[in-house]
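The first chain written gets the first letter, and so on, giving A, B, C, D, E and F; residue counts start at 1 in each chain.
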Amino acid sequence: MERIDKREHSQLRPVKITRNYIRYPEGSVLIEMGETKIICNATVEEKVPPFKKGSGEGWVTAEYSMLPRATEVRNNRDISRLKMNSRSSEIQRLIGRSLRSVIDFSLLGERSIILDCDVIQADGGTRTASITGAFVALVDACYRLLEKGSIEKMPIKNFVSAISVGVVEGTPLLDLCYEEDSRAEVDMNLVMTDEGEFVEIQGTGEQAPFSIETFNKLIELGNIGIKQLTDIQKDALGDLSNLIGG
Amino acid sequence: MERIDKREHSQLRPVKITRNYIRYPEGSVLIEMGETKIICNATVEEKVPPFKKGSGEGWVTAEYSMLPRATEVRNNRDISRLKMNSRSSEIQRLIGRSLRSVIDFSLLGERSIILDCDVIQADGGTRTASITGAFVALVDACYRLLEKGSIEKMPIKNFVSAISVGVVEGTPLLDLCYEEDSRAEVDMNLVMTDEGEFVEIQGTGEQAPFSIETFNKLIELGNIGIKQLTDIQKDALGDLSNLIGG
Amino acid sequence: MERIDKREHSQLRPVKITRNYIRYPEGSVLIEMGETKIICNATVEEKVPPFKKGSGEGWVTAEYSMLPRATEVRNNRDISRLKMNSRSSEIQRLIGRSLRSVIDFSLLGERSIILDCDVIQADGGTRTASITGAFVALVDACYRLLEKGSIEKMPIKNFVSAISVGVVEGTPLLDLCYEEDSRAEVDMNLVMTDEGEFVEIQGTGEQAPFSIETFNKLIELGNIGIKQLTDIQKDALGDLSNLIGG
Amino acid sequence: MERIDKREHSQLRPVKITRNYIRYPEGSVLIEMGETKIICNATVEEKVPPFKKGSGEGWVTAEYSMLPRATEVRNNRDISRLKMNSRSSEIQRLIGRSLRSVIDFSLLGERSIILDCDVIQADGGTRTASITGAFVALVDACYRLLEKGSIEKMPIKNFVSAISVGVVEGTPLLDLCYEEDSRAEVDMNLVMTDEGEFVEIQGTGEQAPFSIETFNKLIELGNIGIKQLTDIQKDALGDLSNLIGG
Amino acid sequence: MERIDKREHSQLRPVKITRNYIRYPEGSVLIEMGETKIICNATVEEKVPPFKKGSGEGWVTAEYSMLPRATEVRNNRDISRLKMNSRSSEIQRLIGRSLRSVIDFSLLGERSIILDCDVIQADGGTRTASITGAFVALVDACYRLLEKGSIEKMPIKNFVSAISVGVVEGTPLLDLCYEEDSRAEVDMNLVMTDEGEFVEIQGTGEQAPFSIETFNKLIELGNIGIKQLTDIQKDALGDLSNLIGG
Amino acid sequence: MERIDKREHSQLRPVKITRNYIRYPEGSVLIEMGETKIICNATVEEKVPPFKKGSGEGWVTAEYSMLPRATEVRNNRDISRLKMNSRSSEIQRLIGRSLRSVIDFSLLGERSIILDCDVIQADGGTRTASITGAFVALVDACYRLLEKGSIEKMPIKNFVSAISVGVVEGTPLLDLCYEEDSRAEVDMNLVMTDEGEFVEIQGTGEQAPFSIETFNKLIELGNIGIKQLTDIQKDALGDLSNLIGG
């Protein structure tokens, strides 16, 4: 089975991470995975949600949105329907959980970091690319705090990145583009650390249920992708990489 | 490690499915799993969403909500905040996807079935119990259509049910109650068919990432639960069970 | 004129009050009047609305809602239209006023009790049954405060219950079911105390105006119903009944 | 007991009805009852709500609102809170029901009349004054249809007007101003026809329950007020009065 | 070119300013310009928006709305669509900016004045008439503060008023009525002080771009109108006029 | 007076227009004016608003929004407050009017073009840059229609662009950056055609009223900017420029 863009079944699309993309945020990344392009901005706010008040601990949250014309057909803005898109709502909860899994909240101190992931062009895999890109913006925002002396140690325990895998025409594939995704029999999103552990697994067989064997093959493919994404994050972060974990 | 209610690690809570619970819906089930109690009502509507119009095919969707005092602390109603609860939004998307995975939409014909899952008492596992209960209500609603001659054959290809599994204090457990769920290091929801295939896997390690070994143990536990839930669904449905699949 | 369910003109439908229906609320009642079934949950909150702050006095309020399929035809949820149903809004104001009329707010102290009345099955008379059931839940919630020592004396001055009366085909009837209600020429809801005094009278002759004679006959019928409902409340409450008034 | 404005207990405040107040609506009335001032505009629309489509019959509905500074303290506009004021919602339902009770919908034909009641200055009794004033605007709008030949006969069967009565310091009073209303032990709104029949009775004893004797005295007072209001409506309408009923 | 109401090209419609129109607000004006009629109510609130807190300075803001039937065709209320009308939103921002331009916020002290401009009848020029009328209500509200001793000096530096000008059939006209406005090639709103300086200029050539010459002619016409409006404001305010500026 | 970035008083910031920025829209431009960066996407839809239906004519409209972190301080998204930002609402109305002024709607045919202007980085002048950039995207979208044969002739009559001018410390300046804008005594936005005619003038003297002399100097400065912006648009459009007008 030949992929639409001639990629190997286990090949990522070209990934490019541009740091300091927007000038104002504490961390700002443009992540490109093939034709998918997302601006990930990290904002530090010196306050926490009510359930963290007085705890001495911080919080990390995310918001996700697409420009109306990030897709082939224009989508109305949420505000024109007065309703948050339920897909966006689900995705931003996933991004938030994924990033929180690698944060040491007591090291962060009683402050919040908000990751705004705005998709300016979508070609599949926007939720996973958001996580991969937002992680880098988060590191930059934390480093800013470290430089200013607001925190004493980087509060990030591990690298985290994410990738989609799926089965198209019976074939397990890594990093689905939109055209593949829309035909996939099984669709899975993996969020993993640089140590190969899972932060989140979301697998769906809406067109047809799938077996444990299929599942295992997809996990294997995902592992390949995550390893490369971790390396790409490390390249992008340069020396800052050494401040993570340890 | 002893569980709060003395259950075995691989033991379900008592499950009770009451059919025809509310008199008006085409299918109506009260499902009780321990102290979790959910009314699952199925409504047949002779119309489909825009993207299905003229296709000759039907659609299945779900809505999920909790009564304000289904929980220890009262939650404000969505309408008082003018916002759909994002957790509810995510859960109802999951219920809808899970049920759609076992439906033959061309046999259903151009009509919709809406599954309203209203939690009247919550003690963990409400999303999985909703799926298990809503499936039975869905069968009843389809059978009503069959009886009336609106459809010629039951449009349900498989049984589908769901269960939560998780790791608490390092121990993999089946069917977490709220108290266990709130302490879980890993939390996973499995939606599976009676043939042991996966419809949906959602695993989260927010407190800490988890390994493939942990994952495999949880899948094993989940399999045990799903088999029992399928049997309970069959018992509840009696002769109607024979109209599914085949 | 024979009633659809063969009842006498002045006969209530079978009434059943189940206390402690849901496990978490401070008071929880399932009230059934014929096929009308409503969960009435009472929540105590240790805060009051702004206009009561610092007054040393408490407040009682109510919320009313129907499950989408409590009725023959499914109703969309309020949140999907982003608007509170105006009928629900009117009803919950009535429930709140009715219960407040028998409360001694200084005995309650500076705290609130919220009565959530959720109709799971509707067959007419849901607003009056909500009042009758919510009163019992309110007594339970107050008794819980008394037991804990939060208050020194039960703050409830009188029993309060409610019933619908109406004119169908020229005949005054007690306790209309939905089928009767939808054909009624005159429709009246009475909220009364155990001492036979009025808390609220709402009479409507939308199909045709009505005379003072008709009105008086309906009041008479209502009196019969209220007396029985008070007795049913007393039976349900057992010894707690003695703590009211006095 | 002397009233704040020296009126007799059974005396209305000065009532003034100005027709053709705003130039565009099909009927437009400014009604003044003492310091209460309300603009009642009637709009004819050549369409009906879904449940009347194809019936050959019309519909009448009402909307009620107050200018932010119609009262001593400024109220925020509904749109700034994104919620319809629940008091307004209840009142506009009452106005609509009251006017519909005297309309022959088949004579009106398949069209709607909307009554917008906007309170520009409030001093008690705004809901009852809205009904009394809106009735006159409704007559004008119907007459406009008659003149144009859109309808063949006036579709109005009776005069309808409304008045508040209440008990203040133990004394039954007619037509309460705001200061009296805020101190009232019992508060009742009566909507009646020119034939002395009831369209709507709404009595509330929130501060204390009330007896049937009190109720009867209030009804008596209300009758006095309604008779005068009917005469004032007739004066305002002049010859058009003869087209009502008969 | 003859105007629809025979006015000269540079002639205002009859202007009438009625002070103390509604009894409760601190300032209340009914302004009539021809058939345009607007109630302008000024409310003093002893609080300021967050960005002014602790500054010792006050704030002035405005809200603008039209009754549903202020126009030939009925407009739905904002609340029924759950969205603020964007035209109203733009107009109220203009009114607020215009009034703020002549206020000395330190003299006003840390309090707010809200100007509610509610159009009860619209025939063009509602935004400019709102400014002209709201200014007078603002003066009254400030004088009330002065009388009470809350402020020591009137905080109003200049008179401000506004007028529309436009080009219809190639002819520059002053003070367009609705019929002219809807045919205008160029439409301009001028907000000016009594010293002939500009506070706001908004010119639009949606039907066709316009030249600097056209612009200058319109400014000239506008000047004529503003001078007269300032005189009308002075007449309406009487002795209070002397407290402005100086 | 030296400007913060050393520019001449009459000097534009560097302007860069990138066409085909996003791959899906019919026209897509990234416009950069100094540090202000806006994505302008044009979408063609084969439908028109109700008031244009059956007219044979098209429509052009715009939407404007800022990413939460386009500014120094993060702004909450509109959807989280359930309210369209009123500044955005005003700006998108301006963009729409400006572009419509140069369109021949009968040549466009009965279809709509929506211009989405999303500010990814803001440093003053976002509304004027949006107009300048959106015009280029609009030309591309129209040319796409011409190429496909959907229209026979380009429906664009003139170039249109926009620029801000203002007075800072008494000095008239062209193209204010944010820092200058926030200190400006007078602030004006000019929308003009390539023929030097005005489409829209919006001048505000919120800090202090301004004279006709000031106004004339600002117009002069604006003219200088508009001429250069027209040239930049022509450069960006290349041969397509010849299809505009004549």
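Operating definition for what follows: contacts are C-beta pairs under 8 Å (C-beta built on N, C-alpha and C of every residue); 3 or more make two chains touch, one makes a residue touch a chain.
Keep in mind that what you see is a predicted model, and the values were worked out from it rather than measured.
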*Supply the minimal count of touching-chain steps required to go from chain D to chain F.*
2
*In this assembly, which chains make contact with chain B and also with chain D?*
C
*For the homomeric pair chain A and chain F, should the interface be classed as same or different, according to whether the shared residue numbers exceed half of all numbers used?*
same
*Distance-maximising chain from chain C - centres being C-alpha averages*: F
*CA centroid of chain A to CA centroid of chain D, Å*: 60
*Just give me the whole-number Å value for how far the CA centre of chain A lies from that of chain B.*
28
*Approximately how many whole Å separate the CA-defined centres of chain B and chain F?*
51
*asked:* Give the residues of chain C touching no fewer than two other chains, as numbers and ranges.
replied: 82-84
*Chain adjacency by touch: line, ring, star, complete or other shape?*
ring
*Complex contact set, residues of chain E against chain D*: 22-25, 28, 35, 39, 41, 43, 45, 63, 65, 67-72, 74, 77-79, 82-84, 114, 116, 118, 120-121
*What residues of chain C sit close enough to touch chain D in their complex?*
83-84, 86-87, 89-90, 93, 97, 100-102, 158, 188, 192-193, 195, 197-212, 215, 219
